[in-house]
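Two complexes are shown next, each including chain A; its partner changes from chain B in the first to chain C in the second.
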Partner chain A sequence: MTDQTSLLSLPDVGGPAQPLLTVRGLTKHFPLKTGFLGRGAGVVRAVDELDFEVMKGETLGIVGESGCGKSTTSRLIMALMAPTSGEVVFDGRQVGSREMPLKEYRRQVQMVFQDSYASLNPRLTIEESIAFAPQVHGLSRGDSRARARDLLAAVGLNPDQFARRYPHELSGGQRQRINIARALALRPRLVLLDEPVSALDKSVEAQVLNLLQDLKGQFGLTYVFISHDLNVVQYMSDRVLVMYLGRVAEVGPVEAIYASAAHPYTAALLASRPSMDPDLRRTEPPLVGDPPNPINPPPGCRFHTRCGFAEPVCSTTVPVLHPAPAGQQAACLMVVPGSGHSRAPGSVARGIAA
Partner chain B sequence: MSAPLVRVRDLEVRFVTRDATVHAVNGVSFDLAERESLCILGESGSGKSVTLRALMGLNPPRRTKLSGTVVVGGHDIVAASERRMADIRGSTVSMIFQEPMTALDPVFTIGRQIAETVIRHEGLSRASADARALELLELVQIPSAKRRLDAYPHELSGGLRQRAMIAIALSCRPKLLLADEPTTALDATVQIQILLLLRRLQQEMGMGVIFVTHDLGVAGEIADRVAVMYAGRFIEEGPVRGLMRGPLHPYAQGLLGATVHSGMRGERLTTIPGAPPNLERVPKGCAFAPRCAQVEEACLPAVPEFRSPVPGHAARCVRVRHAA
Partner chain C sequence: MSTTTATPAVLALPEAAPVKGRGYWQGVGRRLSRDPVTLFFGFVLLLMALAILFAPWIAPHDPYQTSMIRRLRPIGFQDWRYPLGTDELGRDMLTRLLYGGRLSWFLGITPVLIAFVIGGTLGVVAGFAGGWVNMLIMRTTDVFYAFPSVLLAVAISGALGPGISNAMLSLTLVFIPQIIRVAESTTTSVRNLDYVESARASGAGAFTIVRAHVLPNVLGPIFVYATSLISVSMILASGLSFLGLGTKPPEPEWGLMLNTLRTAIYSQPLIAMLPGVCIFLTSMCFNMVSDGLRSAMDVRG
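Showing the complex of A and B:
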């Protein structure tokens, strides 16, 4: 691969121990304008008090059902919308501050969207689309084109064959490869993948997942991988964050989450996966009903309305993330000692029952 | 032995436009027994939805050229007039779709839409139709059903809308239920509820069900038999256990290998190189040959016939051996 003179990949600042991305108290409320003159109509609590970190070189998977705030989270991280409160810190520097202005930040963080067609400009050729951002950031026209052709080769598309085509001339899988190539054009360090394979057929999905794994090693990338497909998240991620109605339900190493989920919601989500083995068919659904509306989330633990272990304390106390036995953290009163839940570690009721 | 509920022979569907002719379905034959559930698996453009629609005469009449035999519950679907089809739909065969929001009428309440169907097909009075609507909402386990009768589709969540659509589809007790990716748009915890509901209703009402899906997990949960479609043909058909554990056709093997399931972390996924053929021309020979790692001379001259190494499980591949 030829190397251009400017726009090299960016240097590491804080060393390997410093998280690449830190999210603190991130909150996004969308106001509802349905009341009289748009007043007093309340808000959609899309994301509420989100805290997490993404370490350098890892893949953090984010899972959850529709309305849980996955996509809002990704747009907040990308600074595509302003948060109601909270902050995003990239490699020790606060995003939007003088140390890390947005233009600089967007060189470091790029995103791949679910809809491969809507996210490409239909009037630009593939080559122009990929070369666009490097040109904006000051690379010469010729160098940008050369970089675009290198990236096309890196994502497995022959540059001579594809560079001059338009998005509508490509299949969904090919378009998603273009989107990935474009995301890499500024040599970012963090790539946000928002449902990148959800619109693809299974055989194409496997090709794109393999490609993402290859590129991660080749370019030294860190991924945030958002998906509703639990199997794909398990395959891709080092750590997993489970969201429910705008809050983190559980976060931790992928093995801990999948082998011994500490939050009842995670357990139910995992048990909801259809089985490919007809001898292991489910007989009872793990949860009943749909996720509640984020306009009026339940008080206390937001999952208590659907939880099989809910007790009165769950509707009054908001659980915070607390270490759980298998090495993850869960926001459930059952893992917090002295929380008042009868299944909490060291509670009196548990002692009597045992 | 009684006649099968569904009998399809040499079904071909072509879509003709001024510019091109698309050969969407190129010779599909199968039977479905009463109370049986068949899952048609395939990727986009394989012809699975077109096959399903042909069973109900739903492909656009002007642009569609259809040939072959389609008999559902004793009715000849190919020859039936539009008026006759309107009688057959609902009472003999009905269908549920992927997107309940586009399948339901946004300006009528759920209760009204169910009652309308029952009045049209069974000639019930308004009052008894309303009572039936309530029964049906309870059957599909919609909580506080009485209140939901007066709800409009936009007032319901995705899962409830899908249940309401199932209630409409079942309102005239069809013998055959067609389902086109009914759970694809739903969340994981809701998807499994709908799958289990459909499985229970199928058993209780004794319906035949044909499911179209691209999701192997859905097939694993609900199917008795599975058919894999590629380029407008069934390329493999067999009982769900046999097919999931030992697929015969290289395409079916590739599809199963490419599907991510738990315990694959760190492994490289097997992929199928290339893309499905353009169906503006019917491919000569095995349509999968250009992508197949095991292609040989015998694949090219003609479409391979079904070969069956074990009874009930067959694939269109020259490498599969007939049972001795």
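Showing the complex of A and C:
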């Protein structure tokens, strides 16, 4: 390994008990530009009042249907777009404040994109692409190149074979390995993986997932793993966050969520997985219809239009995250005692309905 | 014996030699070298460029030497000293075409080059900055777009008065908005790609991102578009000269020659056509070469 004296991983600040990343009330509304001069046409509520934490050293999986705000969330965390409101706190320090200026934050948080081809500049060699970020942060050209070659070896690509080639000469799996190496070039502490394996073959997918697990231990990383593939999320994550229409539906340890989902949306998602057992295969989808329009989300619980357990109270009361029996938290009136839902704990009607 | 002892070393997996990838421009060069049409027209352009560049050495006569006796000699070898005949003032056509090409090429290429620099910069800025900067630059170009380019060139040239520099200025002004448009749309499409996002996420400033990630990916397409404008520029420049807004007689220039020779169109139609043939050939060659460049650069993956 080449000795690179500068640009090492930044030290831990708040100790292991302090979350590495805290998201508070994160909201992103995209204005609709159809009216005169783009005014008064309403907004798309892509992400609405999102609250969650990522603990040090864990992998938080984020799942949800297309259009539920997963990618917007990742770009908000990366500070690639400004939130409408809310804040991101990294290791106890607010991002963008004086203690955590954006440039320092960017060294600590990096991202791997879904499209392995579009995320590599076609005019740069692999080596140059990986060395770009360290050079931006002041590492010399030679040291950056050396680091790039070390990282190529770390992601399982022979530096002599790959360092001086161009993205179009490589396969999708190889390109995604390079994107991972590029994300690690600044020695970040948190890596956002936005559907990193969705565009890969199943066999390559498994290789890349195992590589990610290895690198996590090797570099002491924390992952936020965004995917729509429930099996992949189950394999990768310690905790899972289920998103629906820009809100958290359920969050908790992966075992709790996969074994006994408390939110009907999570249950429907899990039931929609293709089964390996022919007897358990189902022909009718567990969820019907498309998610409602985020321009005009339904009042109350956003899922009540597609929920099998919806009652009148669901369209009037907005559920907040509440502890559920298996150890997770769910935003559903059925886990909130005294919410007025007939299936809520302690409800008089519960015995009859169940 | 030495060969047999060496066998086990050969059987072991050989250490792979370092691989150097083939870059984008190498690929473009390879595709161009397999495109005979583009190569042919490029070769014709090269010949013309050399001919007009070395006109003082090649040309058989003085381009300004008039003669009342030799007026409007026909094309051919009745008089071997004037293979392309003489014009209405008895000047050798071959000589004047060679000298005239210098000014015509200059008037064709210079405005496009200046417009490429100015329009390219403005377009990349508009495309990368977005927002109100984009709005300001693009709506201003729309004003220029409201007029047909010929009309605009004539109007600006007419307002500024005749002369080579004014003709070039008006042509530059005509081409800037067109190049801005192409530069802006190319830059906008590149700006939204993940590798630019990733560069932003690594903390690079706007200037670094444009230099390292945007320019290398947009300059090629903008340049190809600019080369396709050279032919338009030549024709417009000739048009301005024809209208008396560009070069002034007795300066040889293809457009102006077309104008002065129109008096001879009934007596020597072939000679009157010659400058037009030159303009047509050159602009067609530039178009073909720019088309070939475009298709050589278009391949992805």
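Here is the rule we use: the second predicted complex is superposed on the first by the 345 of 354 C-alpha atoms of A that agree within 3 Å, B and C clash if a C-alpha of one lies under 4 Å from a C-alpha of the other, contacts with A are read in each partner's own complex, and residues count from 1 in each chain.
We take it that a residue touches a chain if its C-beta (ideal position, glycine included) is under 8 Å from a C-beta of that chain, and two chains touch if they have at least 3 such contacts.
Remember, predicted model here, so these are calculated numbers, not experimental data.
S.K.: Determine, under the contact definition given at the top, whether A:Ala133 touches first (chain B), second (chain C), both, or neither.
M.R.: Touch status of A:Ala133: second partner only.
S.K.: Just chain B (first), just chain C (second), both, or neither: which does A:Ile180 touch?
M.R.: The answer is neither, since A:Ile180 touches no partner chain.
S.K.: Looking at the overlay, does A:His228 come into contact with chain B only (first), chain C only (second), both, or neither?
M.R.: Touch partner of A:His228: chain B, not chain C.
S.K.: On the A-aligned overlay, A:Ala331 touches which partner chain: chain B = first, chain C = second, or both, or neither?
M.R.: neither
S.K.: Return first, second, both or neither, reflecting whether A:Ala261 touches chain B, chain C, both chains, or no partner chain.
M.R.: Neither: A:Ala261 stays clear of chain B and chain C.
S.K.: Touch test for A:Leu152: chain B only (first), chain C only (second), both, or neither?
M.R.: After superposing on A, A:Leu152 lies clear of both chain B and chain C.
S.K.: Which partner chains sit in contact with A:Phe113 here, chain B, chain C, both or neither? Use first/second/both/neither.
M.R.: second
S.K.: Please output the residues of chain B touching chain A within their complex, sorted ascending.
M.R.: Within the complex, chain B touches chain A at residues 43-44, 143, 157-160, 187-193, 195-196, 214-221, 223, 240-241, 244, 254-255, 257-262, 264-265, 268-272, 275.
S.K.: Report the residues of chain A in contact with chain C in the complex, numbered from low to high.
M.R.: Listed in rising order, the residues are 75, 78, 80, 102-103, 106-107, 109-111, 113, 115, 117-126, 129, 132-133, 136-137, 158, 160-166, 168-169, 179, 182, 185-186.
S.K.: Sort out for me which residues of chain C touch chain A in the complex.
M.R.: Contacts found on chain C: 16-24, 193-195, 197-204, 208, 212-213, 216-217, 300-301.
S.K.: Within the complex, which stretch of chain A touches chain B?
M.R.: Residues in contact with chain B: 65-66, 171, 173, 201-207, 209-210, 213, 228-232, 234-235, 254, 258, 268-269, 272-279, 281-291.
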